[in-house]
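The next part holds the structures, each set out as structure tokens.
One chain, subunit A, appears in both complexes that follow, with subunit B as partner in the first and subunit C in the second.
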Partner chain A sequence: MPKVKLVLPSILACSGDKVREIEASTIRDVVEYLCSLRPDIKSRIISHDGEINTFLNFYVNGVNAYFIKGVETELKDGDEVSVIPALGGG
Partner chain B sequence: MVEEFTDKEFEMYSRQIVLSAIGYQGQEKLKKGRVAVVGVGGLGSPVATLLTAMGVGYIRIIDRDIVEVSNLHRQHLYTFKDVGYPKVEVAAKRLRELNPYIEVEPFPIFIDDSTVLEAVRDVDVVVDGLDNFKARRAVNKACYKLSIPYIYASAIETYGSTTTIIPGVGPCLECIFPNVSDEGLPTCSTVGVHPSVLQIISGIEVYEVVNILTGKSPRLLGKLLIYDLRELTSSLVDVTKSKYCSVCGGLGVEKEEVRYPVVEEVCARGGLATFMVNPGRIIRLNLEELLSRLNSPKYKLITRSQLGMTLQIDSKIKFSLLHSGIAVIEGVESGEEALRIYRDIMENVIKIETEI
Partner chain C sequence: MKEDITNPTHSFKDRAASVAISKALEFKLNAVGCASTGNLAAATAAHASRAGLPCYIFAPVGVEREKLSHALSYGARIVLVEGTYDEANWIASRFAEEHNVGIVNVNIRPYYVEGSKTLAFEICEQLGWRSPDHIIIPMASGALLNAIDKGLNELKTLGLIDGDVRISGVQPEGCSPIVSAYREGREYIKPVRDINTIAVSLAIGNPGDGVYALRTIHRTRGTAVSVTDQEILGAVRDLARLEGLFIEPGGAVTIAGLRKMVEERLIEKDEEIVCLLTGSGLKTPHIIQHYVPQPFIIKPSIGELKKMLEVEKLA
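Right after this comes the complex of A and B.
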């Protein structure tokens, strides 16, 4: 499985490392990793119908995966995946 | 054509005029500047205050809300005596007191696709003081259509984010957060917001407005800043324009209308169920004329302000009407009842077609 660099915002990383290397073939694998990292907010990551909640954005080398193949976007060795949540309030 | 600064203005702005980042010419440009602050809540209150004090010549403040006690810890344009009054009315008064040398225009309206083009027309910059993506998506589309720079910002808990959108140059909000929905997103009323993070993010928004108005390059074009108050850290993420974006991608795929429901439940006041009715367009009511028609003993006038009035209807229902046609109705059982009362007053008493 490709090794990719995952960049997490502190809102998701909590006190853990914000940059880490993980194995992931697609964005779906990254989502599964996030759910295992933060089981406390799994229900906010994946909605009740099984879809990834729209507030989470996955940028692959600076391009939003939404505009590539969404969760099926393929990853390769050395890719950088940044997770960017949309914050709602104000 | 900008008039000369008065002695008082010159003194007021002296620390900006000597500041190399603004200077005399920059101050002149601020005075010529026209800005719309969309939402004067947690972010919009400090944004409007700063822009006013700094001498931006025209500031339009847009908000549909009424001041509530729960606003006061972070929205310092308002005090206890303002509770129950339209935010934009109170804010306009405070801002004019803060700087009598600028123009402040209050717009007490909902922001959605039916109102947003009129709301942001004829300004140089639109600043985000909103608390939801539904309205932000409408603002983003309008700013793209009208080619107006838009400073996006949001804040929740101890986090905040902001970016500067220059239509046609960098990514728009839809490029950055495509298809985002408010469903499932925490809100300030459910998880709270630290007032300090609002001050930080609103300060950055104003910095970007000033950069744009004074002809400097905005620092957050193509960059999303995410700030974490707990760790006192910020990250800058590169964000890119997408040719597949439904708003600015040029594919003409944007079909979705951003519209508010005609009636929605809002935070209960004094334990009474409260509903807000959206007229679905901008209405301009003449309140004096309306009051002259309200000669039925069924309706008792409780408060009357510049932009609105509150009526008592029988013993338990309060009906607050803004001159833009928005109503807040307390003490009814359901949205249907709120809508029925709204239609009755508007069509039978005030004699205005509601179209909802």
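Right after this comes the complex of A and C.
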């Protein structure tokens, strides 16, 4: 599996590192990793139809994965995935 | 109409920025900032300068120049992101994570909302400590709509008002992810990226509080409508000509929305309705060119004045 750089917001990193390297071939793998970190908020990460909930945004090299292929967005070695909580305005 | 344009930077955002920045001082943060669709920029910058804190603003390149100049005048540093508000926002989030900076709509956001809710307090206060039947609110991220709901609920808990208030939201058609979800009966938001609206201050394609706004609208038996640029311009014009209020497009959507709700019979005849007007027209002066006649230019001569009056059939 490709090794990607995952950048987490403090609220998800808890006391661990905000930047970590994980193995993931799609955003779905990243989501599963997050769900294993924080099983308590799984339903907030993934909606009932299996898509990413917009409470969290996954930016792949600066582009919101929602606009690429959602959870099916493919990742390659060295990609940076930034997890950004939903934000208000504006 | 609840016009909220006489705050220090002429939009309701002063309420939010003033509380958030007071908290930033309490937390001893080194600097503050925000991601902005325009109005929050000037508000954050003004309150930061009063607090003596450096201010960093992230905005999409499409934000009106007047609003940027306004923020710049307070000494803010502005970073224009070649993309949408949502892209400016993720850059701001990363900036907040990596530096000890209070970004008012990111890491000190709970306080931002505490500021916005005072608008609900003021509406009830000005009505003589009672609530209206219905409040119509402009929506970008949906934060203000929920803040109004929070304010009303607090007054109710305190026993200062009673009765239920319908809460409705309006978005510009060219950026209406919350209204689309409402219309399609969805409980979740589909973010939009192709945004095209004259109400630039409401151009948020991925509304962070959208889901909560939907719930609030449903819970209070409110409604949600979107309005076209033409309808928004009509509202801006009518507010000025009929009420003497010069309001920016983002703040005037509520009047266009009200008109639509009446046409679609979403409003009862005897309802007492408050429409929020959240930003001043002086912030978007260029838009009036769409509907006002050009001024007359004459030589300083009475003859020329008379000629002009004849053309205008005023003589």
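Going forward, the second predicted complex is superposed on the first by the 83 of 90 C-alpha atoms of A that agree within 3 Å, B and C clash if a C-alpha of one lies under 4 Å from a C-alpha of the other, contacts with A are read in each partner's own complex, and residues count from 1 in each chain.
Keep in mind that, in the parts below, a contact is a pair of C-beta atoms (placed from the backbone, for glycine too) under 8 Å apart; a residue touches a chain by one contact, two chains touch by 3 or more.
No experiment lies behind these values; they were computed from the predicted model shown.
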Checklist entry - In the superposed model on subunit A, is it clash or fit for subunit B and subunit C? => result clash
Checklist entry - Just subunit B (first), just subunit C (second), both, or neither: which does A:N64 touch? => result both
Checklist entry - Once the shared chain is lined up, is A:I84 touching subunit B (first), subunit C (second), both, or neither of them? => result both
Checklist entry - Counting only touches as set out at the top, which of subunit B and subunit C does A:G50 meet: first, second, both, neither? => result neither
Checklist entry - In the combined picture, which part of subunit B sits where subunit C already is, 92-100, 272-280 or 290-298? => result 272-280
Item to check | Footprint overlap on subunit A, where subunit B in one structure and subunit C in the other make contact | outcome: 9-10, 18, 47, 53-55, 57, 59, 62, 64, 66-67, 82, 84, 86-90
Checklist entry - Within the complex, which stretch of subunit B touches subunit A? => result 39, 41-44, 128-133, 153-157, 159-161, 175-188, 193, 198, 224, 226, 228, 230-231, 233, 235, 237-240, 242, 244-245
Checklist outcome for this item: Within their complex, subunit A touches subunit C through residues 7, 9-10, 18, 47, 53-55, 57, 59, 62, 64, 66-67, 82, 84-90
Checklist entry - Given the complex with subunit B, which residues does subunit A contribute to the contact? => result 9-11, 18, 44, 47, 53-55, 57, 59, 62-64, 66-67, 82, 84, 86-90
Next on the checklist: Going by the contact rule set out above, which residues of subunit C touch subunit A in the complex?
Outcome noted: 35-40, 85-87, 89-90, 92-94, 97, 105-106, 109, 112-113, 140-143, 188-189, 191, 193, 201-202, 204, 206-211
